Each structure stands twice: as structure tokens, then as C-alpha cells.
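Listed after this line are the structures, all set down as C-alpha cells.
What follows is a pair of complexes built around subunit A, which joins subunit B in one and subunit C in the other.
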Partner chain A sequence: MAELRYRRLQTLNRLPRLMGNHYLAARYLRYVRPVAWITSGAPVEIIRAMGILPVYPENYGALCGSRQAAGTLCQVAEARGYSRELCSYAKCNLGSLAEPRQAPLGGLPRPTVLVACNNICGTVTKWYQALARDLRVPLFLWDTPFSPGELTDGGVAYAAAQLREMVRFLERHTGHKLHQDRLNRVMDKSREASRLWSEIRLLGRHRPSPLNASDLFIAMAPIVVLRGTDQAIDFYRELKAELAGRVAKGEGALPVERYRLVWDNIAIWHKLLRFYGQFLDHRACFVADTYTGGWGTVMEGDDPLTALARTYTGVFLNRGLAYRASQMVELVRDFGAHGFVMHANRSCKPYTLFQYDIRRMVTEQTGVPGLVIEADMADPRSYAEEAVKTRIQAFMETLDG
Partner chain B sequence: MNIQELVVNPKAFWQHTHLPGDGFQGPWAQPIGYLCPYLPEEILHAAGFTPVRVLPRLVPLGPVDRHLPVNTCTLARSFLGQVLDGSLDHLAGVVFTHTCDTMQCLAEIYRLNFPHRLTANLVGPVALDAAGSRDYLLGELRNLVADLEGVTGVAVTSGRLVESIRLYNINRDLLQRLEENRAGLAALDYYTLLHAGMLMPKEQHNLLLQKVLADLPVHGQGAPRHTKTGQTMHQPRLLLAGAVLTDLALVALVEDLGGQVVADTLCSGTRYFDSPVTEGMEDPLAALADRYLNRLSCPAKHSLQDRLTPHLVDLVKQRKADGVIFLLDNFCDPHSWEYVPQAEALAAAGIPHLQLQVDHTGVTGQIRTRVQAFLERLQGGGQHG
Partner chain C sequence: MFFAGVDIGSTAVKVVMLDQQGKVVGCETTRTGYRGAENAWHLLKGLLAAQTGVTPEVWGRQGGDPAKLPVRVVATGYGRHKLAQAHRQVSEITCHARGAYHLEPGTATVIDIGGQDSKVIRVAQGGTVLDFAMNDKCAAGTGRFLEVVAGALEENVDSLGRLAVASNQPVAISSTCTVFAESEVVSHIAAGSSKENIAAGLCLAVAERVAGMAGRIGVQPRVVMTGGVAHNRGVVRALATMLGLPVEVLPDPHLVGALGAALLARDAFANNQPKT
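Right after this comes the complex of A and B.
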């Protein structure tokens, strides 16, 4: 079986404990500390610095996906009238509230406040509105304007003005204060983790690549969820050392690396081993991806709130088509890829809708082919096993040709 | 061609000069397209264009598949279909405004695939009452003005903006009056008139509306009408909720089957012309910004207080509607999300509703059957016997 031939990174064995502790802490510490449910692109640094426990419903959605619980939980949400077409992460979360007994970990510990940032999508606006209504919990929506081109000063100033308001909101609803020195400390830790994370991702440039994107998908949980903590830094230091060791020995993630590919979009969590295993059969390694790069930007600037505003407004999902295409072109070139695979993720419109144009542009500019696979990150109901297999087979044959 | 045929064909409509009520001699300022009414049309008008709203049309979508996946809303797919088949060649360009993820991507696809066409994108605030939202919006409106001035060489002066605001406010006022008297018109005629106004110069539409209003018999609301077979019967009074009306045939269907459309919260319906722009403010752009922030909001926006759901329930009561029909695009995320709290609020108020999935296939047999069943249920409900 494919996964048996796959060289597993030892550091990843630490993850279940690390993440388990995170969820456990949230479950018990919530009696003494306020809990915030936040989106993956929310400024967790402020939340941590204020001593509020961050909990990530999107990460929970991924967890439901990999534990094969997403289909059921989505159906629970759909029974209430949420359309089949809406984001499966959101429906996992809403479904888990309605049916905690069917939900992994029994669902998430209840929040004191909700903080959503629309830098990743408009879905989170509606999703968190729904949560605020159902749970009767105050919501802060951080509105970070989409940038078709460069970030504008007006957009950054608007985002920064709201951050000041967010701090007041959090102080009002949790009674906790924001101390500048604590914020600076958390931001330093967050920068350090992001720096390590981007260095780790760059190791994929080596031939053979010491890592496959599926490793990154597993390894990314702390950069999303534990950003700003020492645990995240320790974990990534260790992971980087292990990968550097592989590089030094000339050892790749795959026993034989024949093809190098770039991945676009969120992982297919419910088929992590099966789906990526099909590429291993072809000796193809995903040496880079766009998804996990979302957390690799290192904040710059002196004024912390402006630095946060600029960084979070500028995340790739909040940027135009040209930016997104050039990002793919760079990955293909810098990592020496032979092709790229795009997951047309039916849950996530901002990530998916202009993929066809990106594919054309990237192929025009790099000469390498791209494959589009239709699926969903968490919900297995939109996955046509045989069709996917055939398309991968055909694509790999074009690379062979 | 009559107005109903014209209204579904914007290019023919544009070329057609002899509309009923037409007192104008062309030529008109060049048409420019836009999709979402969060774009202040007054700015386009003051820049020397005639703003024309691109509404969904049933055009072949094969070529669209090269750009957009099938799970994209009809508005977006149909827009691109019309661009690709040349139906929108008469437009000077298209100006977008950020509303949802789909619109954000659509604007980008247009900009990159048609680099030589005029385009701009107003990225306004989503959080309407956020700290700094008004300043930010004003800045973006100024940027839009500067972009347009750069293209046309025409200065968008305060004086021009004030005149455009006046013209558009007159139009809103006339549409408001038409809406209050909608019982005197068949729903198909009402929505045709409304959609026509989005395609033609407002100068001309205002004349048309004045003429229609003058001729309109004053109807008592809910006056019994005759069915095709001639008997009178209770016509269930309906409110239509949703985004853009994708197909005028839908409203015709509802009335053909014996319903009466008495109100709506559609984006191409009442939400198009609600809330006039405040006149007499020193900075007309600030007045436009205020309308953007204060108008009855779209589900794609966020505000501290949800006004849309209470508005829906109030409107049902005010217009004594018997039920609500949601016209939902399966692939429109903001409205699909909003459907749940709205449906729950209606249920709590004891108001029946029907959810119809409408898409590019138009009025299907299934839609017909479901509307019919819903109307029968309302008639059988005994409220009006």
C-alpha cells in the first residue's frame, strides 16, 4: 500500500498530543478564562495577548473531515435549511452544535465571544452571524477589504481602525485588558513561528524534496491554532531539524521522487492518505502548495496594530487573480515542478472560482500542465472516486509523455 | 418588439429608440454596465455615462465553463455568458463592486480576460457600521471618481453629481409610487417596467413612469381579480424574497397560477430603489456613501443589527401577505445563508413560505408544480376563505 512506502516524519508523532492538549485546555480552562471562536485569518495575537483562549471552528471542520464525520454533520445542518452548497466547515460546526453526540470531541467548548475576519471569504461573515444568533454571543467582524492590486493605504487604515475597536470590544465582553508588552511578546512568538514555517516550506526546493504537501497539511495545525505560543515554535524547530537531517542525507519524502508537483487549495481531508497516495504510486511528490503558505507571512512594521492590519489584509485569499497566478508561477519555477494540481473545492468559492484562469496563465508562463480535481475539503459526498482516479492517471501519463 | 421582449435583450433594448412614453430624442450618453446596486449609479452618470444594470439572461453557458465552475450563481455565469457571446458589446465597459466572494472573483476574471475594456472595481466596506467604514468608503468613492475621470477626461464635479443625484432620486420616488400602486398592474408588467428602468436612461424612464402612473387606475389592494375562466376567487397574496429576479417568467407564473404578488425584498425589486440619497449635503459623495451604508442591506453585508429579517416579517404583515416565496439561487451563498434565519422568523410568526431553487434552467415543470401546490395550500388555509 502506498502509505506504507511513505516515509513518515517522526516529529509529526508529537502532534496528536499537542493538539489534544489544545482542545483539552480549551475545554477545561474555559471555566476560568474567556474563550473566543475565531476564523483562521483572525488576529490571534491580540486574543492571546489578552489571555483569551482561541478556538478555531475551521480547524475543527478539518478534523471532522479527517475523522469521516463531516458528511453526517453537514446533513444535520442541511436538515435545518442550510443549503448543500454552503461551506462544509461551517456546516460541520453548526451540525456539531445541533448534534454534539455525533460530533468529534463532542463539539467545541462554548465561546464567550466570536471574532471573524473576512480576509479569507464572505462565508465566515454569514457563518459567524449564524453562530452569534444561535449561541447569543457577541460577534466582532473584522472587515479587511479585498485588494485587486496592491493594498491601499485607505484599506489598511480602515482595517487598523477596526482593530482598535476590536480591542475595546474584547475588553468590554471579557473584562481582560490588552497590555502592549504582552502583545509585543506574542507577536514576536508569532513572527518566529511564521518564519520557521516558511523556512520549512522552502525545504521542498531540495531534490529530492524532504517533505510532501500532505506532511505540511498535517504539520500546519500549530501554525494556525498555536501561533504566538512557545509550543508552536518548539514544534517547528524540531520539524525543521528533522527535515534538514533528511536534506543532509539526500533523503526524500518519497523513496523515489520522479515528479515534482505543486498543490493548490485546501487539502482533501477526508481522503488524505488515499488521495495523495495515488500520486505516490506515480512517484510524484507535492513539493509545494499555496494553502499552507497562508500562514507563512512574517509581520513587519513598528506599530503592532498597523502591522497586523497590513499582514492580515494582505493574505493571498484576499488578493486578486494576477497575484494568485504569480504566486503559483513562482512556486512552479522556484520548486522546479513538472506540473500542478488544483483542487476545485466546492465549499470554498474565493479559493476556487478563478482557478481555471489561473491554470491557463500558469501553464502559459511556465509551460507545465495543470490538472483540476473536483472535490470538497471535508464533505466526502462530492467526491467521485473513480472519476478522480481516471483523471489523475491521465494527467500522470501526460507527464510521462 | 414589445417592451417585455426588449427587456430581456439589453442590446436590442438599447438600440430601440421608440419606447412607449419616450419623449426624448437621442443620442444617449454611452451605456456602461454594472451588476450590483451597491455601486452608486450617480457617479457613473455624472461621469458622462448611462449606467445599465446587467441582469441575468438565459444565454448559452458552454463558453463560461472555461472560466467559472458550475457551482457559481446564475448572475455571475450569465453575465460572463453575455460578455462572451457579444451581448454586451454596446457597453463602454463594466464597473464592479465588491459584494460577495463570487462577485470578487468575477470582477477579476473580467479584468484579466478583457484587458482593453474599461473596468473599475469599488471595494466598499462589508461591515457597514464598523469603525472607519464611512471614511474608508468615501476614500474608495473618490478613487472611483478619479479612475473614471482618468478614462473620460471629464471632471466629475460636485455640480454634476448633485444633478445626477436629483435625477436618480426622482426615479426612486416614481418607482416608490409605482410600487405602492402595484395592485393596478400585473406583476409581469410591474417587474418589466422596473427592469426596463435599469436598462434605459433615467431621464427617459422617469417620463415613462410618469405616463404609466398617470394612466394607472387606482386599485384597492387585494381587490378580487378574475381567473382565466372568469370566476372570482381569493388570490393568495404573496411576497417574493431573494436576490436578483433571474427570469421574469417566474412572476408571470405566480400570477398565472392565481397568486398575486403584493410585495418583495428582491435586489432587483424594492431593494433597488429604497432609501433616497440625501440632497443638499455639502459633499455629494458623502451623501452617496450614506445611502450605501444605510439602505436596506443585502445579506452579503454585515451590520450590528440585522434589519433584513425584521423588515421581511413586518412587510408581510403590512401588506397582509398570505405567504412568502423565496427565489433562491442554489449557488448564491449570502442569500442561501440568510434563508435560514428568515425562514425561521417566518415560521415563528406563523407565515408559510416556499423555497424555490431558481437557476439557469428558468421556469421548469417542477417549479410550476411546487408553486401551484403552495397556492393551493394558501387557499385551503382558510384565512381568507
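Right after this comes the complex of A and C.
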């Protein structure tokens, strides 16, 4: 097969600096400012507004995955008694605490407080409890009720009430106060970044698509980690402009776009280029995905805490099967996809649980086929190269008809 | 011009050769071993020699340059990327669907249990693939599973099937892990269960895994079975019971993938010929 060159987005070259500075700042600023370790679905806006430095162990897990360090760190955690079945992000983090010399960046700077929200999974509850015990650091757990159908006002009020408690908790343990005007400013910036991010994702509707999901996986770090800052806004403005330029020229992410696919679940970080490159050989572009959409919701409502409670309670991992299936159906239809690929992610149970049902429902409703691939987002030990290759080839032959 | 399908599986290499009219003019199998692709080339040379009268040594001296061969080759199976003489590589799923549909045009579902993989394939009119499911996590429910556990009974995959159909009370094998299942067999032997009943329990365990997989994509009649494990009557019977449908075993089921590959080689050649 002819060598196909993947077109790289120039804006992404700025990322190593941007993210490097984030980790560097956390390392040194922690001597003058409190540090919070938080989950990806925690209300970072409050934390930022209070002048606390947010650090994301999950993002660190992804980093360990892409730097090929996750296998070792998972083994370290397993040797200390954590289950093989535990999420590999948790094991990377716990392993890095036990063996900082094996850990990228020497591990994360120590936290002053921990904030976990169970809107993404139940794993984080236990993971952060283990951290609180081992590091002797206070933990705040935000309980967002699982919403099989529509969000209820009662559920949102329950979540918002806890946020008021969370502010008191953070004030008590860091000595920093929450100022309303600062919170509003951070939330405005967060809204702006989410708006840009969702506009960027929608550009995948163009034919050819100016972006591939692997671009989004690389580009998503700031929306997760730097949400609420000017840097995130600047970065996404620039990225959007570059993509709009491609659209104007009719230029796609792939030199030839024959098939359009939708991706489901977390990226396979440890094989990012190799894995997604296999689809490039088949001239298939992932024009949309469910994962990076988790950060595309723009907060609405006047009362900041209620707006936060509504947005974070409503994330897709906190929703039922019907919602998840309709989300996929919409992506397939709106983006004109020929098929979809679901990553059955050994680590992430809540994300993977319904997949076979979703697969059937989406195929029934859209008529396009779906493929399930087994792997793990960070841990390479759950990846069988040949088996994956065969399944991908067979699936692409199915599309060829 | 001849057309060959070469299926380099994890256990065996299978080669089927067709003439221009699509008639099977030869087929060969051997163990894959360490040099699967070389073994395949060896078989292919033999078949070519038989058809052309040109000795295998001559084909060998030409180095097997695919451009110079009077045969179009499609390779499939795990070793498909290793065969230097292949003109094209196609996955086993597509090949089994094509081969099975050719032999039995009423085929709507193909169950193929191979060495490392088991697959359930929904086949469209014409023999193309509609949907498929493959074993996940590990080798439970594959030929390798049966091979290992048959070893514990000092039997092979085929004889295990013959024993199984004579059973009146299959034992329960609960572990899907091949190694743990083997030790379950050992404890059933120690507990005095008959060989027949243990064999039937093992066939049931494989059939259960495959039937579970079939449920994901839905099974439509007619159901045919391909792949080496189709020689095992115990598995076939257990599958039919579990699916509630007759399961037909195609003749020479282990060759169906190679046959499908050969047919695809012929299709591609026909499509590239100028229309007259």
C-alpha cells in the first residue's frame, strides 16, 4: 500500500510548551500556592477562582500511557496489592507515588487537598480515598446523582448544595477565599473555551474532514487541564483558525478521505499513531468521537453554582443507555459516517459497559456497521496487535462491500 | 492463469488452487510450524508443478516473484502478511464468508472456529460480510482451547468430539481460561468422571462461548460451520442445541478459508480484465 502522509496541524506544535509550563508551574508554584488534585469531571472553575492550582492525575495517566510508562507503573501498583482490573489511570498515579523514579516528570507535585467527583465513575471515589489515606490529605467527594433520563431539578439542587459545602471545605483547608466576581470571570473563560472546543469538533462535518479524532485527542489537553484560563482560549482560537483555513481550501486531515468513522471511548494513548495509522492505510478518517465531546458543553444559567452543578451532573458518563445510544446515532447522522469503532476499554467500566447494546441500537437506527476493539487506554498489556489488526482489516473489508 | 488461496493459520497452512473456470484443481495442507510462509510457498510450488509440468525447482529459482507466476495469490490467516508470493491480503472473515457462500449459496451465518480465533459471520447475498463478531479477551472458545484440554485426556480435537457424542451426562467446565480448564479436567478425571462426559463438557464450554458471541450479531439460518473444529461432532451438536438451529458442516471445513481466498483472487482478476 502506498505510503500516505498524515497532515499534521501546526497549532499542535505549541502543545508541548503549553502543557510543559502547566506541569512546571505546578511543581514550583506549589511552594506559594495550594495544589488540588482533581478528577476530570470536577468543577475546576471554583478551584481556579480560589487561586488553587489544579492538577489532574487522569491527564497524568494519559501522559504515562503515551510515554510508554504505564505498563511499568501499573505493575508497581499491582505489586502493592491493587487489582489488575483497576483503572490504569489510577494505577499510574498510585504507582508513580510508590516509585517516583520510574514515573514521567518524577510524578505529580504533592497536593494540599483532593477533590473527586463521581460523575465519571465510582473508581475515583475509592482511588481518591486511597490517596487521602496514603498522603494524609483532606478529600472532598462531590456526589452527582446518576441520571438515567433527564436531569431533575432536585438532583441539580442536591449537587449545587454540596458545592457550597465544597467551597467551605476549600476555604478551611487552604485559607483562600472564593470571590464571586473572580468565579464569574473564570466561568466566562471556561464557557469561551468550551464553545471554541465544540465549534472545532463540529468542523469534522466538512467533507473532507479537516481533522481526525487523533488530532482531537492530542488537542484536548488544554480543555481538560487549562479550562478557565486565557491560554486555553488562545490555543483553541488558533486551532480553529487553522482548521477553518483547511476547510476553505477544501483540504482534509487525510490526503484521501474514503471512509468517515465515529470513535467511541477513550483514546488508546500508548498506540496513538500506530493504531490510528492503520485506519489511514484504509483512507478512513475519524470525523467525530464521543470522548472529546465530554468537554464541549457550554455552561448555562445565571447562578454560577447551579450552572456548574447542572453541567457536571449532566456529563455523558453519568447518563443512561438511551442517552449514550442517541448521542452516537446523532454523531453518525450529523457527520455522515459510514461506520463506527468502539474501544472496549478494559480500564473504564462505565464507558465500556453498554457498548454491545449501543452498537446494536446504533446499527439498527442508522444502518451503519460498528466494530468493537479490545484494548486499554494506557496499559499496553491488554493489547493484542495481530488480533486488533485482523479485526480492523475485516471491518474495512465489510465497508468495501 | 490459476488462482490460489493460501490460508496461513496459527495451526495449519491450507492452499487451494482453482483454474480459470473456477474448478478446484488441487489443495494441500501442512502444519504452520515456525516457517509458515515458507511451508505455504512449498505447497504452492508443488501444486503449480502438478498443473504446469514445470518442476518446483524452477519456480523456486525464480524466487517466487509474484509478477512472474502464472497464478494470482490471495493470502489470508494470521500469516497473511508474511507470504512474499501473495498479490493481496484479505482477512479470514471475508474469505470464510466467500468460501462458505460458494459451497452453500443459502448461507446466512458462518461459524468458524479456528486455532486462535472463533468468529460468527453474517453473510449477505453474494457472499459478502454484513457483520461479524470475534472472540474477545483470550483464546477461550477456540481450537487451541480444545487442543490443550484434549491433550489432558490423551485425545485430539476430532476424537474428543466422537467421545462427546457418546456422553449421557456432560460434566460442568466453568473456567473459560484454557489453563484453568485443563486443571478442571484433571480434577474431573480424579473424581472418576468418564472420558465421554468430560469430553462433552469441554465441547459444551466451547459452544457456549461461541453461542454467546453469536447472540451479539444475531443468527440467521442457514448456519454453516467452517474451520478445523467443525470436524469435532461434539461441538457442532452442542452449538446446534444452543442456537436452536441446525448447524451444517461444509465438506472439508478446514479448507473453506483458503477456498474463499482463491475465489477472491479469481474475482479480482476477472474484474481487471478488459470487458469484451
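The criterion applied here is as follows: the second predicted complex is superposed on the first by the 397 of 401 C-alpha atoms of A that agree within 3 Å, B and C clash if a C-alpha of one lies under 4 Å from a C-alpha of the other, contacts with A are read in each partner's own complex, and residues count from 1 in each chain.
Note that in this section a residue touches a chain if its C-beta (ideal position, glycine included) is under 8 Å from a C-beta of that chain, and two chains touch if they have at least 3 such contacts.
Keep in mind the model is a prediction, meaning the values are calculated, not measured.
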Next item on the list: Please indicate which partner A:344 is in contact with in the superposed arrangement: first for subunit B, second for subunit C, both, or neither.
Entry: both
Note to self: After the superposition on A, what does A:146 contact: first (subunit B), second (subunit C), both or neither?
What the structure shows: first
Notebook entry, point to check: Which partner does A:356 contact after superposing on A: first (subunit B), second (subunit C), both, neither?
Noted result: both
Notebook entry, point to check: Is A:24 contacted by the first partner subunit B, the second partner subunit C, both or neither?
Noted result: neither
Check: So, does A:79 touch the first partner subunit B, the second partner subunit C, both, or neither?
Finding: neither
Note to self: Under the stated touch criterion, name the partner, subunit B or subunit C, that contacts more residues in subunit A.
What the structure shows: B
Check: Touching A:202 in the superposition: subunit B (first), subunit C (second), both, neither?
Finding: neither
Next item on the list: Give one of first, second, both or neither to describe whether A:322 is in contact with subunit B, with subunit C, with both, or with none.
Entry: first
Next item on the list: Take the contacts of subunit A with subunit B and those with subunit C, and give the residues found in both.
Entry: 344, 356, 374
Margin query: Which stretch or stretches of subunit A touch subunit B in the complex?
Written below: 80-83, 85-87, 118, 121-123, 125-127, 129-130, 133, 141-143, 145-148, 152, 154-155, 157-158, 161-162, 164-165, 320-322, 344, 346, 349-350, 352-357, 361, 374
Note to self: Considering only the defined contacts, which subunit C positions touch subunit A in the complex?
What the structure shows: 78, 89-94, 116-117, 128-132, 134, 136-137, 216
Next item on the list: Using the touch rule from the top, collect the residues of subunit B that touch subunit A in their complex.
Entry: 66-69, 71-72, 98, 100-102, 104-109, 111-113, 121, 123, 125-127, 130-133, 135-136, 139-140, 143, 299-300, 302, 306, 328, 330-331, 333-334, 336-341, 343-344, 355
Margin query: Applying the document's contact rule, which stretches of subunit A touch subunit C when the two form their complex?
Written below: 344, 356, 359-360, 363, 369, 372, 374, 386-387, 390-391, 393-394, 397-398, 401
